Structure formats: C-alpha cells, structure tokens
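This structure is in structure tokens; I'll ask about it shortly.
By letter and in written order, the chains are A, B and C; residue numbering begins at 1 in each of them.
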Amino acid sequence: MKDILILLFRSKRFIVGFVLFLGILSFALIGPILNPKNPFQMVGGLFSPPSDRFILGTDNLGRDVFTQLMYGTRTSLLIGCTAGLIATTIGVTIGSIAGYKGGIIEEVLMGITNVFITIPSIVILILLSIAIKARSAVVMGLVIGITAWPWTARAVRAQTSSLKTREHIDIARITGFSSLEMIIYEILPYMFSYIFMAFILQFSGGILNEATLSMLGLGPFQTVSLGVMLHWSLLWEAVRTGAWWAFIPPVICLSMTTFSLMSMNTGMDEVFNPRLRRS
Amino acid sequence: MDRELLRVENLTRTFGTGKSQIRAVDNVSFSINEGEIVTLLGESGSGKTTTARLILKLLPPTSGRIIFRDKDITHISSRKDLLNYWREVQAIFQDPFASFNIFYSVRRLLNNAFRLVLNSPSNEEREKIIRESLLSVGLNPDEVLDKRPYELSGGQKQRIMLARILIIKPKLLIADEPTSMIDASSRAGILNLLLDLRKQYNMSIMFITHDIGLAYYTSDRLFIMNNGKIVESGDAEEIITDPKDSYTKKLLEDVPVIHKKWEL
Amino acid sequence: MGNLLTAIDLRAYYKTVQGEEIKAVDEVSLEVREGEVLGIAGESGCGKSTLASVLAFTVIPPLYVVSGEVRANGTNILTLDKETLRREIKGKYISIVPQGAMNSLNPTSRIKNFVIDVLKEHFPEMSKEEALQRARERFEALSLPPRILDAYPHQLSGGMKQRTVTVISTLLNPKVLIADEPTSALDVSSQKIVIKLLVELLRKQIIKSVVFITHELPLLRHFANRIAVMYAGKIVEVGPMESIIFEPLHPYSKLLISSVLVPESGMKSKRIEAIPGVPPNLKDPPTGCRFHPRCPSYIEGICNTSVPPFITVKSDHIVSCFLYGGEHG
C-alpha cells in the first residue's frame, strides 16, 4: 500500500490532478465556512460586473456569483460523488457476480446490462428526473448513478472472468469458500485500484451529467449547483447581455474539476499499468 | 492394504460444441489405492490437468463417474457434501506464486485451511497446529507466519502449500506439476516431503506431470495420457524399462537421460 | 582451431532505481571454441541469461557492463560503437535466440515479413523476392517446410516456432549462435527436434559454435562438448561434458548433478537430497566462495575469506574450489 502511494506521487499527472482536486475541494468545503453568505440572498444590482464588493459580480437577481460558485461547486461535487458511489457499487456487484458465476447467471446479468447500455442514458435520466418531484442533490446523484453503472459492470465482469482462472482461486474453492466469500476476499482485492479508477471516472461523469440535466432545467431544487448556475445564465440571457461573469466561472470550475479527476485517473493508469509507464 | 480409494470410470469432458468440440478427457478410467503414489503423465494438451480438475470437483464432467471410497461423488453439489469431499481430497498446484492471494499473510492462508478441519479447534490450538506443520515442512514459523507471498521464495511457498496439506490431512493429494517452477536444487526437498506424507499418514498421492524422471522417482504406478486418453498404465518400473505403447516408447526415447546418449 | 569468442573478467551488473547493484555476472572468463557446443548450466537467477545477453551485445539498461572484455578476432567488441556492432557483428558474427523468443513473434504478421525485416536490416539493397528466396532455400536445406513463411505464428506449434526463430536467427551464417533456454517451454519430443536442428546447423557449417544456456543438465549430456557451471553470478567449473557429468569436481556441480531426475533404472531406489539453503541475493553475495554457506565441504577461515582461483585439475577441466588447491589436495 505504501509503495503504491509512493509510486502514485511519482506520477506528475497524478500530482497535478490531486493538487487541483484538493484545491477545488477546499474551495467548496472550506469556502462557505469562511464566507458564510446565503447564495440566494439578493445583495446587489442586476448583473453588476465584478467589483471590490462582488469579486465575480452578481447575477440576474442580484445574487453574489462568487458565493454561488462555492455552494454550486459543493453541490456538484456531492452529486458527482453520490453518482460515482452508486454506479460503482451497482456495477461492481453485477459485474463481479456475472464474471465469477458465469453460465446462465452471467448471460442474464450481462443481458440486462447491455439493454441499459443501448438505451441512451440521457433519455432515462430526463424521464426519471421528470418523474421524481422532490429532486434533492442526493436524489440527483442517485438518479445519475442508476443510469451510469453498466460500463463499470462490463469492465468488472471482464476483469473477474480473467482473475477467476488463477490458482489461488482454485485453492480457495477447494478450501470451501462460498461464492460471496470468493468475490469479496479473493477477487475484489485484486481489482481495488481498478475499481477506484472506475469510481473516479464515474465521479467526473456524474458531475457532467448533473450539468447537462440542470441546464435543461431538471436540476436539483432548493439549491445551487454549477449546472443550475449555467441554467440561470441561459434563462436570463447572460450571454446575450454580455454578463460573462455569470457563466464563465461555473464553466471553468466544471472543466477544472473534471480535468483534475481525469488527470488523477490517467496518473493512476500509468502506475497500475506498467506497460504505459515505460513509453 | 490395497484398498481402493478413488476410481474414475469412463470420465469424459468436452469443451465447445459442434465441429470445434474438443474431447479434453476422453473415456478415462483408472483407480488409486490407499497409500499409493501414482502419476498421470502427459505432455501439454494431453488432458491431464483437466482430469485433475474433474477429480477435484473444480469442473463438472460431461459424462462418466468418479467414485471415492465406494461412493459416487460425480454429482454432489451441496456445500456440505463438497466440504466433506475436499476434506479428503486436496491439491497443490504448479505455480506457488499464483497459489497465493498476495493480499494475505501466510498465517491467514493457513488459518483458512481450518474450514476443512472437523471440530474446529480454538485459536490457540490452531496456532499450535500451524506452527507444527510449518516446522515439519522445514520452515521456521516465526520467520514466515507474518510474511506476504511476495516476500517468500518459490520453494518456501510450495512448502507452505504443503503445510496447508498437513493441516487438512486429506486421504488423497493431487499434486499438479508441484516442482516445475522450482529450481533443481530445492526440488528434491519438496518431493521428499511429499513422499514422507505417504509414510507418515498413508496418504495417496497423484502426481500430474510431464516430467518422466519425477514420475519414475516418485510413483508406484504410471498412467500415460495422450490426446485425452490413457494409452498405457501399469507398474512404473515396468513401463520405464519395457514400454508397450508406441507413444510411451517415443516419449521415453525423446527424454534426455544420463547413461544412454542420443543418436543425433 | 581458435576461439571465436573470449570473455575476460567480465562483470555485468543491474542497477536498481534505489541505486543498488545486482552482481548478475561477476569476474566471468570463458572462451567459445570453434566447432563446439558450449553448455552453460545453472539454476534460475544464477546470471546465465545475463551472461548470454552480454556475449550477444544485447545489453540494455538497467543492465550495464561494468568491466571486462569480449574478444572476437582479436578486438574487444565491447568498445565498438553501436553502428559497427549492428552492421558487422550482430547477426553476422554472433546471433542470439533469447529466452521466450518464440513467443515474441508479432502475432499479426506472417513469418516472411519477419524474415524480410531481418535480411533488409543487413542488406538494404536486397529485394523482397531475393530475401524470401534465400529464406526458402535455407528452410529447405534444413528440411523445414518453406510454407512456414506464409504462416502466422499462432498456426505453428511450439517446437515449430522455436525452430523457425532459430533458422531466422542464423540466416546470416553467424559464427556463434547463443541459444538461451530454447527448449524449456517445449514438450520432450519438440525439445529433441530443436536440438537436432542445432546439430544440423553445425554439421552444415552454417554456424561454427553454439552456446547453449539451460537449467537442464541431462539435455547437455547429449550434444554439448563442454559445460560451464554457473552459480550466483560466477562460473565455478568448466570442463569437457563427460568429465562434468560423470566426475564433477565442484561441490555445487556434484549436488546439482545428483539432484537430476531421469527415468533410468536405479533412479528409484536412491533418495535424492536437496541442497540445503537458497541461492544468495546477488545484491550482497557471500564473501569468498559464493557457495560456501550451502557447501557440505565448507572450511571455516578459508572458503569464506578469499575467492578460490581457477585450478586445472584434469585435462581441460578447471574448477574454482579450495578442495583442489596445492598439490591436487
């Protein structure tokens, strides 16, 4: 474990991603504590440009964009993380059972997975979002997670299928391990890094999905997220009125967050796949 | 003496369907007596490892029967029956590196073996048994117990797999190429430990190997396997000195020996 | 007949990221004589494959040649520049079939493309047709079906792949062929066929000498002229094949040969003993004779303090062991 961490911190990409992500995280978590303003409070004029009082200006209702950005990033991270956790949990469960059990169980589970893959997830997302009336941030994450797991399931199934031919699996079987014990003790530990990488991908995917949904006006209620900020600026024609401060900051925040996650992911890929490291 | 322990009758296992179907194990029959050491000898692709997996219940046969101590175990599937079977029939494998889960210590691996020990002993008793079995395979318990597999040499790992066998004390041990990845200088040590298992516990051993020298050194009887079939079986000494089957003859001609030089 | 290749006091170390040195080949001197098969025997990790890559100039970091010479035709080839090596020596004077070479053939490319690449590297002006014609003739001369050239690697059996790789490595008629464990992954019948091919190459004078690296002593018994036994990065004994196999001198060689399992009458009745202990870590090898911690004839104060020099004990048979010091003591 220690060796892996040492290796990880030798990868420049990982360090860049990690430091950037830590920065964004502290901005979203510590920021609101240091600067306890209400993002919904109208504090200034409509679309007033950045000034000493409002670093990033105000929006169409005279609310402080900088405060919104802190709270919005926090919500987006929460949704992304929830979505990542849900997608990874479902994906790993289905993928590892299918891969380990094989036979008819594998065919049924992978059949379901493939059905989910063929239906564009955005359609399910939109339908689900419309159907669910009380969309809190966590519910949003849940909905996104439920539509995002199939890719993880497929990848985990492939890994499990190849892992289960190893001799230590045979030893564990003739020692009387049950299928569940086999998956938990003998297979999942070997995939830990892989699963973690899948989680990071799902995390950043979740953030982007949230932004998409929110821009369509299907975002979380009673809260501000990066996507909701974009939705507002679209709705009140911030672009046309030249109020760049209302939409450029959330876009930058969004891309920096996904960039940091992706960079960590590639960095880890280099470490865990020595073949990539050499070239 | 000479009581039959395991018998396989017309054991067959195919892979794939239609034209591409392969009969990996084709109508194989043989038996192993109590306290007997036999070798299933074959080159790669002969079906010897598949036969071993069938006997170990790691793979279901396409047809045929496996009879262990006069009981047909071909189709047992309940956990209880399987556990009872694995209490009596165990294995060590070719690759001591791959036989270990790299995330767990030697202590944990050996502790797992107690799942197959009846009247589960207390923790102190377990520790005592583990230490004794490590000592009997020539390892210092204090040195290895808390080690992870990657901190041990190949020979040490195979010895730990043997300590695991000593904890379970099965009636039949399937040894699938147990020394093919171990250096010549440590190989004899592992083989002698295996031979001692019969002396001490009257354990039957079935070697699965391509190494004719090893088969001859260790075994009472040999089963020569080629293309999924057993082509010749019998007393090891007889087969080595006077092979009958053409495949066996060719095999013995091609294996390098010390006292007779090849015509090249 | 002279020496085709002479290694003098060769040291080749691996340098780890942590800055440690693994002394895989240490003070090795050895000659390859014209017309012979020289077997290099030893267990895994004894440095025999490293020695093979040094002799064949396929040294790539983290392996470094620290000191010593490899002489061919009177020049120290280790000092030649890369370009000269590539043009004049590799493939033409010395060729190597590395361990596992048969499994490193490009699976998506036909064998003939590989042949063309090899020949074009040395004869850029040669046309594809000429190259193929040359390969075809060579395959026929060695009674291998030329249709192999049109096959993909996966269509060939292990023995066939190994033979193909060997023939391609000798297309340029190198004087010395270094074969690193060419038969270890093969069934006994394919093993013998590969050995036959090597003997055939020698007989037809396509190559002049073979250095055969293996951990299987019984194999060397059948076609080696001389055997060098390696232990922990050093050569401990070199001598004529029969002399090494039947009357080994070094305690390690003795134990190694007595642990050989072959299907021959009498084998069954004797109990074979393992060599106690494990081979040393080459980061920090034992002082004096590297075998002393495991040696049954170990003499305190001698074996652990100084390195035993090579002594000629029998005709052409040298050993590095204090048991044979002085007046054939």
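Keep this in mind: contacts are C-beta pairs under 8 Å (C-beta built on N, C-alpha and C of every residue); 3 or more make two chains touch, one makes a residue touch a chain.
Only a predicted model underlies this, so the values are computations on that prediction, with no experimental measurement involved.
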{"item": "Chain pair, most C-beta pairs within the contact cut-off", "value": "B-C"}
{"item": "Longest centre-to-centre distance from subunit C, chain (CA-based)", "value": "A"}
{"item": "Centre distance in Å when subunit B and subunit C are each reduced to the mean of their C-alpha atoms", "value": "33"}
{"item": "Distance from the mean Cα position of subunit C to that of subunit A, given in whole angstrom", "value": "54"}
{"item": "CA centroid of subunit A to CA centroid of subunit B, Å", "value": "48"}
{"item": "Subunit A residues counted as touching two or more neighbouring chains", "value": "none"}
{"item": "Subunit B-facing residues of subunit A, complex", "value": "166-168, 170-178, 185-186, 189-190"}
{"item": "Sites on subunit B touched by subunit C in the complex", "value": "43-44, 153, 155, 183-192, 210-217, 236-237, 240-241, 250-252, 254-262, 264"}
{"item": "Contact set on subunit C toward subunit B in their complex", "value": "43-44, 187-189, 191-192, 195-196, 199, 215-219, 221-223, 245, 255-256, 259-265, 267-268, 271-275, 278-279"}
{"item": "Subunit B residues within the subunit A interface of the complex", "value": "53, 56-58, 79, 82-83, 86, 89-91, 93-95, 98-104, 112-113, 115-116, 161"}
